[in-house]
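Shared between the two complexes below is subunit A, which has subunit B as its partner in the first and subunit C in the second.
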Partner chain A sequence: MSFLIKTKKKLSRFLKVFFRKRRARIGIYGPPNAGKTTLANRIVRDWTGDAMGPVSEIPHETRRARRKENITITGMNGNSVDIDIVDTPGVTTKIDYKEFMEYGLEKDEAVKRAREATEGVAEAMHWLREDIDGVIYMLDSTLDPFLQVNIMMVGIIESRKLPVIIVANKIDLPDASPGRIKSAFPQHPVVPISSLEGSNVEQLYEQMADYFG
Partner chain B sequence: MQGIQIDLISEERLSSLTSMEKIRLILDDVKQGNIVVLEKGLAPEEASRLIEVTMMEISPDGFSGIEMETYPAKEGGAGLAGLLSRISGKRPGSRLTVIGPANQIRMLRKDKDLISAWVSSR
Partner chain C sequence: MPHKCTKCGREFEDGSTEILKGCPSCGGKKFLYVRPDERHQDVLEEKSISQIAEETKQEVLEVAPPLAGSGTEVHKRVESIRIVGPGSYELNLEKMAETGEVVIGIGKEGKYAVDIVSMVKPVKKPKKKTKGKKKEKGKGKG
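Presenting the complex of A and B:
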């Protein structure tokens, strides 16, 4: 009898390991200073009580992709999803260290930041090709969404057939126009939020649970 | 004679190259200060690689990256051809694309049928 119980337990463990669904890795992508790390911090704080990384008004504060594992997000409708959140460096096609000097950085520090930022962008693109299962594409809703880098990135995400939610961030600012983002990307769900103030993040959580679950 | 070289690369020439050859052709040209106009744009996977390789080649006081603009992809179109492309899930191809060194070219305006760029000599 005990042999049968032991065998059953072993089989059960084997099946759990064998058929366990890997947690989806959700990458937060977007141009520099769109508020990616602010959102990553909010998600991680809301669902685990922890933090993800520092934020700054100087572009490219995040220069390495950071992953926070095992976050369970539950929407208002009760649906939930287990994910890993990957906060990525802002994607761009150009980086000039002199732009960082305009924020008061010394040349050596600006050159170092630029070098790390270029490595970070390359790393973010590599993650997107190899290790990401879904994307939150983050845009500053006070800016023009039709920038080439946004069109290119959404095209790359679509070509990889990854589910994508577009977040129109910074709706707390007077110039915010989330409608412009909706008209730029009508093929994808667009959620307007303020990741800084936390307004409307519940709608994003519900959308994530439905879309990435 | 001082000036800016503009290389217009035909669809035929591009289609004969591998992805990495295309990226190399573009970056080698742009790093010399030239403007490259592609008759047909890059595939999303090639665009992804172009961003990655561009980042790896940026250097202080040297190459600072690229500025790039392309026309929006055409929708599937009307009629039977458009219907078939939508049913088959075939994505519309990318179109004419302008690429230049970030420190020399500024895109001024882009519409669905017009790209205006301002180019400075080094």
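Presenting the complex of A and C:
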């Protein structure tokens, strides 16, 4: 069995030299605090051993898009896909500095964070417009998925005809309900995971190798 | 072995020190062991509404009315970003997804700043022999 897989890998590598395809650029999108950077860190660590960026419980910790190139993800059945991962700032329709002050930030700092977060959303949307081949849309499965911003973003991604995998994150928390997300987006594959603990990420890798390959 | 709170069902990794003070979610003090391969099984196997409807052969009834008029109707606006005040912004994602042209709304209503530079497409170096698209003209004020 492993012989077959090895041969398949060798063959695909051989063919790639001739038919050089641009690596698929996969953007991790979603509302703030869904766990995008935590997932990006896990993917990058699992497949390259590096890290992507810092995480925090204050929303909009990631305010610049970060890219990690040339990650090869292999599913259990030997399917593999070469991708670039783009971790994007959380996308939202409203940013108010007062929200950050509730997390204990000083006013000046909160206003600065709000300004950078706004630039971050613009940057995330720029990437989506120009340079993304597939999307992992990340949702917090303890929250209501039927928010205007989620419906709008999934609609935008659909209208650009980009393949999308919806990730129902935070299944380690007691209020988690990935079924609610499956009900909300029946037209797309939904993978429940805990990116913090790493539960069920294998299924996500499997899905990525199938879907983006 | 991992633990599970008997009160709210939250699961904790093996050797988690959080549970020494009780469950951080519900304050529960009783925990049971869960086999590592059975962790989060109840959550992972949760069924969606369509699956339940299929199994029980009942129709899906939607009780809640569709969300209408909740929040601001940002998609009908001309601006891509509205600055409500210092550090407070409203973003029009649909406009931002469509184009990089930036129109900024200032204050509550009626005031706009138009970034003309963002409306001119950068001149690309002609890699292929095909002609580039014509420059789009910038829209006026809304």
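The criterion applied here is as follows: the second predicted complex is superposed on the first by the 194 of 213 C-alpha atoms of A that agree within 3 Å, B and C clash if a C-alpha of one lies under 4 Å from a C-alpha of the other, contacts with A are read in each partner's own complex, and residues count from 1 in each chain.
By our rule, contacts are C-beta pairs under 8 Å (C-beta built on N, C-alpha and C of every residue); 3 or more make two chains touch, one makes a residue touch a chain.
None of the values given here were measured: they were computed from a predicted structure.
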| item | value |
| --- | --- |
| Room on subunit A for both subunit B and subunit C (clash or fit) | clash |
| Partner chain(s) touched by A:S194 [first = subunit B, second = subunit C, both, neither] | second |
| Partner chain in contact with A:E158 - subunit B first, subunit C second, else both or neither | first |
| Touched partner set for A:I171, first subunit B, second subunit C, both or neither | second |
| First, second, both or neither for A:I132, with subunit B first and subunit C second | neither |
| If touched residues of subunit A are counted for subunit B and for subunit C, the larger one | C |
| Which of subunit B and subunit C A:A122 touches, first, second, both or neither | both |
| Superposition clash, subunit C against subunit B - the stretch among 1-9, 55-63, 91-99 or 127-135 that is involved | 91-99 |
| Subunit C-contacting residues of subunit A that also contact subunit B | 91-97, 111, 114-115, 118, 121-122, 125-126, 128-129, 146, 148, 152, 156, 160 |
| Contacting residues of subunit A [partner subunit C, same complex] | 91-98, 110-112, 114-115, 118, 121-122, 125-126, 128-129, 141, 146, 148-149, 152-153, 156, 160, 171-174, 176-180, 182-183, 186, 192, 194, 197, 199-200 |
| Subunit A contact footprint on subunit C (complex, rising order) | 5, 8-11, 13, 25-26, 39-40, 43-44, 46-51, 67, 70-72, 74-75, 80-81, 84, 86-94, 96-100, 102 |
| Contact footprint of subunit A on subunit B as seen in their complex | 43-45, 47-49, 51-52, 54-56, 58, 60, 64-70, 72-73, 91, 94, 102-103, 107, 110 |
| Interface residues, subunit A side, partner subunit B - complex | 91-97, 111, 114-115, 118-119, 121-122, 125-126, 128-129, 146, 148, 151-152, 155-156, 158-160 |
